[in-house]
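A, B, C, D and E label the chains in the order they appear, each numbered from 1.
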Amino acid sequence: MPATTPPPTPSTPLAGAADAAAPGPATPPSEHPVLSAKDLQVAYRTGKDTRVRALRGVSFDLYPETSLALVGESGCGKTTLGLALLRLLPTLGEITGGSITFTGEDGRRRDVTTMSAGQLRRWRWSEAAMVFQGAQNAFNPVLTIGQQMADTLRDHAPGRIGRREILERSGEALRSVRLEPRRVLGSYPHELSGGMKQRALIATGLLLRPRLLVLDEPTTALDILTQRTVIDLLAELREEFRFAMIFISHDLALAAELADRVVTMYAGKVIETGTTQDIFSAPKHPYTSKLINAVPPVRGDLPELASIPGAPPSLATLPPGCAFAPRCELATDACRAEEPELITLTSRPGDMTHAAACLHHEQVHHERKVIARA
Amino acid sequence: MTTTSPPVTDPEAGLPAPSASAGVSPLRRLLSELTRSTAGFIGLLLVLAILAVSLIGPLIMGTSVPGDPARAWEAPSSAHWLGLEGGGKDTLHLLVTGGRTVLMVGFLAAAITTVIAVAIGSLAGYFGGRFDALMLQLTDVVMTIPQIVLLAVVGAFYKLDSPTLLAVIIGTLSWPVLMRSIRAQVLSLKEREFVEAAQLLDVGWVRIVFGEIVPNMASYILINFIIAVTNAIYAMVGLYLLGLAPQRGNNWGIMINDAWTKGAMFNPDAMPYIIAPVTMIVLLQLGLILLTRTLEEILNPRLRDR
Amino acid sequence: APAEPEGGGAGGSGGAFHGAWPYQPAPEGHFNYAAQPYAGVPTVILGDGPYRDLLLPPSALWLWAEEQWEYLIADSHELDAEGGTLTVTLKEGLTWSDGSPLTSQDYLTTFYVQFIQRAPSWGFITGLEAPDDTTVVISFEDPPAVLERYVLKSNILSTAQYGEWADRAKAIVDAGGTMDEGDGEALGTEFQSFAPESLVVSGPYDFDYDTITNTQLTLVRNESGFGADAVTFDQVVIYNGETTEITSLVQSGDVDYATHGFAPASEDPFEAAGYTILRPPVYSGPALYLNQDRYPEFADVRTRKAFAYLIDRATVGQVSLAESGVAVENMVGFSDNFVDQWLTEEVKGKIDPYAQDEEKATSLLEEAGWTKSGDTWKTPEGEDASYEIQFPQTYADWSAAGKNVAEQLTAFGISVTARGLDDKQAPIDIDKGDFEMAIQAWGSSAHPHPHFSFVTDLFVHNIPIAKNQGGKGYGFPLQDVETSAGTVDLEALVTQSGEGLDQEEQKQNVSTVALAFNELLPIIPLFERYGNNPALEGVRVQGFPAEDDPILENAPYADNFVILKMYRGEITPVEG
Amino acid sequence: MIELDGASQVFHVKGKDLPAVSDVSLSVGAGEVLCLVGESGSGKTTTARLAAGLAAPTSGSVRYQGRDLAEMTRAERRAYRRAVQYIHQDPYASLNPIRSVRSTLSIPLRRHGLARSGAEMQQKVDELLSTVDLSPPESYREKFPHQLSGGQRQRVSVARGLTLSPRLLIADESTSMLDVSIRVSLLNMLTKLRKEEGVGFIYITHDLALAKYFAWEGRTAVMYLGRIVEAGPTPQVINNPQHPYTKALLEAVPEPDPELSRQKKAGGGLLSADIPSLSALPSGCTFHPRCPLAEDRCREIIPVLRTAPGADAQEVACTVVTDPSGAPDGARSAAQADGGAP
Amino acid sequence: MSTDISVPGSPGGPERSATRDAPGVHGDHERTAPQGRRPRASLRHRIYHSFLLRRLLRSVFVIWVVATGVFLMVRLLPGNPVDVYINQQIALYGKSYEQAAAEAQNYFRFDPSTPIWRQYLDYLLGLLRGDMGTSIATPGVTVTEKIAQYLPWTLYSVGLALLISITVGLLLGMIMAYRRGGVIDHAVSIIGSGLHAIPNYLLAILIVVVGAVQLGVIDYTRMRGNVSPGVEPELSFRFLSDIGYHATLPMLTYILTTVGTWALIMKASTTQVLGEDYVTVARARGLKDARIQGNYVGRNALLPLIAQIATQAGFIVGGAIFVEQTFSYEGVGLLLFESINSRDYPTIQGVLLVVTITVVLANLAADLVNAALDPRIRLGEGGAA
């Protein structure tokens, strides 16, 4: 929760950012998506001629000012997707197919997968920023936070940029995440606590007011109270800065809080997508349902929790058919024969459609068995 | 070290050890990985070949090399592939018999260094306290005097009567560096929770240090042992070269010294007498270094390409 | 690119002679030439080599074959044994490089400075006088045979440079003081740190001080010096270095002549590079020393004789120095080259040459109580014979000799391991009796008189001198020595052999000692070293002595023939 | 079975005193579960380590079956050692990478003479593996840690803890690094152990939802800056938190239900996100700088654990809660309020 | 969670864990984020200064220990220099023992009867005044003078060689890391390993044997020594090029035997840094490549190398004893060798001490540079890890 007496939030939007045209009213979802991934494929080289297909055809649209949560067990490719979106895959990773279309403020549409190195460089952060999984190591340990923020501003400024302006803009960004600029700007990363670093990183992400912010498990390493601060902050910032957000987490509860829409991934594929409400109240993929059932709620009755039997498959040796079939009670031969495509269950405008990649989605009835009443 | 590990279930992520097939003994696995890398294979071959020549050669050719001074400095011929040296001895024969001491001193010194370093390093690291502080101070001092310089002085003034003594001196003078890195490793290893688990299971400190912690550094120790061999050989041959080590018997270092002081390099016929031992030492060092490099790559996943 | 070295290469009209000698440049090296060559402050640049005679010519140089003096700055000398005086007459008109004349006064200066330096001549000198500018009269008591040599070979110093020192020394001498106490001691200490930055020379050459580096120095003409008109080179370039460094310079043809002890391996390539190897005798060599004090079996003359028969001296020489290592033939304690001169045919007839003979060796050993079991010998005490032989590691020839002796003995069944020692430490260990077998010197290359060879052989590392180190050396008692000629006192005989001026009497003593040596073999000489001086005839320099030139008998470090021939104008630049 | 009585632990770092645990009293019996919750740095691990005998308290005492650890004889200490085991957080660091599962398990068995023959050893190892749901044992025995998943490793850790048949297991965030689904199966397995084998548990977490699930039948103690600020049966503590700090922790837990999480927005949050440094503790109630309920007297009075006015089973250390009347020197007067109902 | 919270209680119990040292340098735990911080500048200042002070004191301590060690060692060495001198005099000039002994007394001013503590005190006091005694081998020349003459050449040749080798090596290493598997990577790996395998003295011998004697491409005779005859030390091109020419061979030896190692170390370090999150983040931030390569990758990759550079300096100074000998390059290495051979105890003492001081200073400099470049170090000594 936000502190009851928060430091004064900046009442004016960040000044100076190139695209800082007045934040208009929420753009209707009918507009072009900010980001649109089509059949994205990513593979990691693991040996001379062995590869692991980490993403196997991922498609989704993200409309301006909406937020999307990517959930799934560890290793299902969430981080890979996040990195691929900004073309930040490590050297051994490679986009092997599909496209990523980014629509700028001006309506220009560009395919991220074909951008040149220079274009990419200018595009990154000014239009799409990312907060990383390992926020603890996201800052260069030998430079102060201020220097690193200044670097970012300088390398994206069209011309020279003055010291005053740098100070002003980074100060503002820090204030927006409730950090005291005077203290933080001159600090080295190791002088800040984990929560402060995470917030500083978010502030850095907001420096250039990007249209898209990708957050990869931004709170995993944080203490519970700090996590709460960050989450509340994100919700506020989103209202203020109106960026579209992709929130990656293995913690479904967080997704439930932050996202308009949830995408569940399994073994490099999207297996279910829908509004947060859809996913949590009526998941239609057995995997999603089980995943939700494994999360203990803190309020209300105490439901019985059950784990998903077995372990996620190794991406190197995927079985034919549905990757979840070996762990699924509903699985039939049909499931094992061919990999099911996403089936639209409820069609809604924009990207709010509920779809699941399960042949037996009708049989999925989500319910929680209560073992103790509150 | 701060590792912000995400929740992980992926059995392959962030592994400390190579993920080869289960069930194979680690040594065999190491060997097979070694032979798969070209550099490692060459290194292994070189070292084995030199070992074989130096250990088996003398058994075949005999350890005493007869010489006919009248035929000093004969050029290489089919009977004497590398010609004869100043005492009319067969250079090849000298070369074959000259490896033993070099290898013996190298390995013995390295063994001494490693044993001292591992023992002191792991105990100092594990127990800390005064002993640790004392050892740190000691190494601080010893490490500032270049080892070669110290060896030269000590070697010149004390009767280094035998190669064994030489090995002992080299060994006892060169442990500090390794001790420090072992200590550092132990410091970080002992923070690992399995050590605490072992303490909870009350298995005794000897087992904890030498059963749980030290084996974790086995590969590191192996690599450093080989590095210590190369260092010892460097120091030893250097001392022989300067004439500061016992000039008895025959070994490559003495050969080079002999060749250099006798001006063999100016005599085309005598060229093999200086080039041959130099080559042997260089090849031996090369083999050992290739071996360490490859072992490092195999055993230290951090160095692996990401 | 290197700055063109100013000394080398081109050469002036008179060309350049390229020699080699190790020296240390300043600040270690300096130009305090006092008391050369019989004492001196160490590390004087070129002070311990033949080239000093080009800077400060002595009165004369000795011709070893002719056995006569060739005068340099002296005109004549006269020894009055009865009156106890040695008179040296100087050449007229000599000058120092500072312009002052060289007179008999400078002789006085020189000898007084020798007093400061405790030169051995002062054991005999009782008075010094300079009756006129060209005459020096030296009075003495009980002169040794070599006093003449001490005087005539002394490098004469300039009074301008050393006068004050000499005055202080004279005061002490006149007051009957010594160098060991009071003023003398203070003077000595002070003098050691006298390190003048330049030298006032009297010879044909002077240092080119500005070009002295750690690799080479150049001597340039001193036009007013003695012999300036006779010597033909404008420059003498001296390369700095010990054998290893100089070998490469010889190899590359940069050096015309060098006196270093080159390894035999170098000789072929030298010859291939156009050098002739001159082999002047050095009148000494390595001998096998046995610790007779510690090992009773070595104290037994039969053992030593057996070893002499056993060891193939020719091989030792060959291994060590190739052609320049010549097996000792007569085994009398001094050079074979002196034998004809000092021993009569009759005496020579009594000499046992110890030709190699394993059988004789075996029987001698068995006689001495050694036994052989299988391939190994047991000492008379019944232990396996196993020894260590030490030698100075840094002397290539001696260490080769040591190793070869070890091999020969081991092959025979007496296990000997070789151990190289620091060359400064090795003799001390011997003196202290801290050795088993050793390689050390026999003979003397500085003095042609056998007396000095005997001193080296019997005194230096034996009881008389080793006692100063608190040991007995190799422990061969010199008094009451039983020989076939009766009981003799070798110590007295050796001393007497160098005393007096009566050559016949000396020969008598020398013969006795020589025979005793031959019979008892206190040490076992192995080979005599000959120089293997490479000389490059016809490139820059011509006129090196031919192989049969008797001048080659001059000991190269004492009365160097190249220096002599330069004074004579016989070694000259190549024309054209 | 295990009891902490007024246990404190003060660390000295760079000349500063860090009271990591102050005056903590708690106890766990066989088959019972105690859950310690609190944010990072609140002293949970330190308390657990005191209980495990990995550190001795600087004051106060730790007792096992009534005996003070500090006064134990060797034999008693051995028995205690075997009775109390610890399961660490990091499944990657808590197993020795060079040991196979079998070797990991057999070392304590052999060391303590619990298995004499090879066959017996094998049997024991297999038993342990089945206890922690690693079956069939054959397929795990010879594996090395790097060949196991995080969940499997954590099970091996538990199995190792069980080798000496302990009476009490201390699980320090043992599940926080695991994926949700694996976490649940592990928790279920631990619960089974507790119920079937009567093993007592001290379970440490900062996630109250997990505390609620695992310790529903046990007690929960909330720690803040080294002190227990609230303790009581888990259902009460979760459903009816008394201390403002407990409330804040509860608020912080994200709810896996979009509807709930939207409603939740109301309610008091903390004044500051950062926990004060131990070396410069606030005066009085250490929580006052962050407390939404803080009154002036909180700056002075160090609150002690009292039965909460509204909930008999709960103890809470908050002057404002236990003494709402607001007497300025409340600590004393709070004593009179004992048992007083609102 | 940072692992530094869990301090394993060792059998010693609470006492030790309670006094456990400062948090690790990476401590991102709350405790390193103090609430009531003093104004930054002054705090940093203070810490930095005390760090400097501590570091200096440690250096002084090490030098003192080494000085004492050297003093004792030389005293305990067998082979009395006076004996050696006397023996030489007898052998060279045929003097009587008494003569020689008396002379030795004059030379050495070395009275073995002085109590050892007195000698030690004089020695230490002398050191403080920069007086390391007088050389035995060359009476009248102080050790300080000698070292002053030889040391600059070693510092010059070793220092310059190290500089070149490091610069080239680090650049190569970075290129290798960026182009892993490329031609440069392979070539440098192979050649580097090969050269690293050749002990520097053997390389020196090979240069002479092959380069000078066999091929004749190196004018070894002319290149010996430090300067050509007649070249005055002055700041002229002639002088500088001449000393450069003479230092070529030793420097070549040092460079060739170390450059590959540097490249490989730098490659490893850079590769590691390239995998760090902050580099990915920097790329994500759209920073310019040059900035990333310099301030983000280069600087962090270099940090762990700085200490190694200092260590290497010591190693090369040690190696100089062989190399200078081979090339007749008159530096401290050669001086030491000659002093050992002539048993010039005071000079040996002096050289050992000076070499040690050089290494200590190199380490000190490395630590200071490290502290300047790496803010984490100022927090407290990071230990030896």
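Please note the rule applied: a residue touches a chain if its C-beta (ideal position, glycine included) is under 8 Å from a C-beta of that chain, and two chains touch if they have at least 3 such contacts.
All values reported here derive from a predicted model rather than from experimental measurement.
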Path length in the contact graph (chain C to chain D, fewest steps): 2
Pair sharing more residue contacts (C-beta pairs) when B-C is set against A-D: A-D
Most remote chain, CA-based centroid, reference being chain D: C
Chain closest to the middle [Cα centroid of all protein chains]: E
Computed distance of Cα centres, chain E from chain D, in Å: 52
Euclidean distance of C-alpha centroids - chain B vs chain D, Å: 50
Separation of mean Cα positions, chain E and chain C [Å, integer]: 44
Gap in Å, rounded to a whole number, between the CA centres of chain C and chain A: 93
Sites on chain C at which at least two other chains make contact: 248, 251, 394, 422
Junction residues of chain A - those touching two or more other chains: 73-74, 90-91, 134, 136-137, 193, 196, 221, 250, 311
Chain E: positions in contact with at least two other chains: 1, 3, 6, 8-9, 26-30, 33, 79, 180, 208, 213, 275, 341
Contact set on chain A toward chain E in their complex: 83, 86, 88, 90-91, 120-126, 129-130, 132, 134, 136-144, 151-152, 155-156, 183, 186-194, 196-197, 201, 204, 221
Chain E residues touching chain A - in the complex, by the definition given at the top: 1, 25-30, 32-33, 37, 40, 180, 275-278, 280-289, 291, 295-296, 299-300, 303, 373-376, 379
Of all residues in chain E, those that touch chain B in their complex: 1-4, 6-12, 16, 24, 26-28, 58, 62, 65-66, 69, 73, 77-79, 180-181, 189, 193-194, 196-199, 201-202, 205-206, 208-209, 213-214, 264, 268, 271-272, 274-275, 311, 314-315, 317-319, 321-322, 325, 336-337, 340-341, 348, 351-352, 355-356, 359-360, 363, 383-385
Chain C residues touching chain B - in the complex, by the definition given at the top: 243-244, 247-248, 251, 262-266, 268-270, 315, 318-319, 322, 393-394, 396, 399-400, 403-404, 407, 417-420, 422
Interfacial residue positions of chain B with respect to chain D in the complex: 5-11, 14-17, 19, 22-23, 192-194, 196-204, 207, 211-212, 215-216, 218
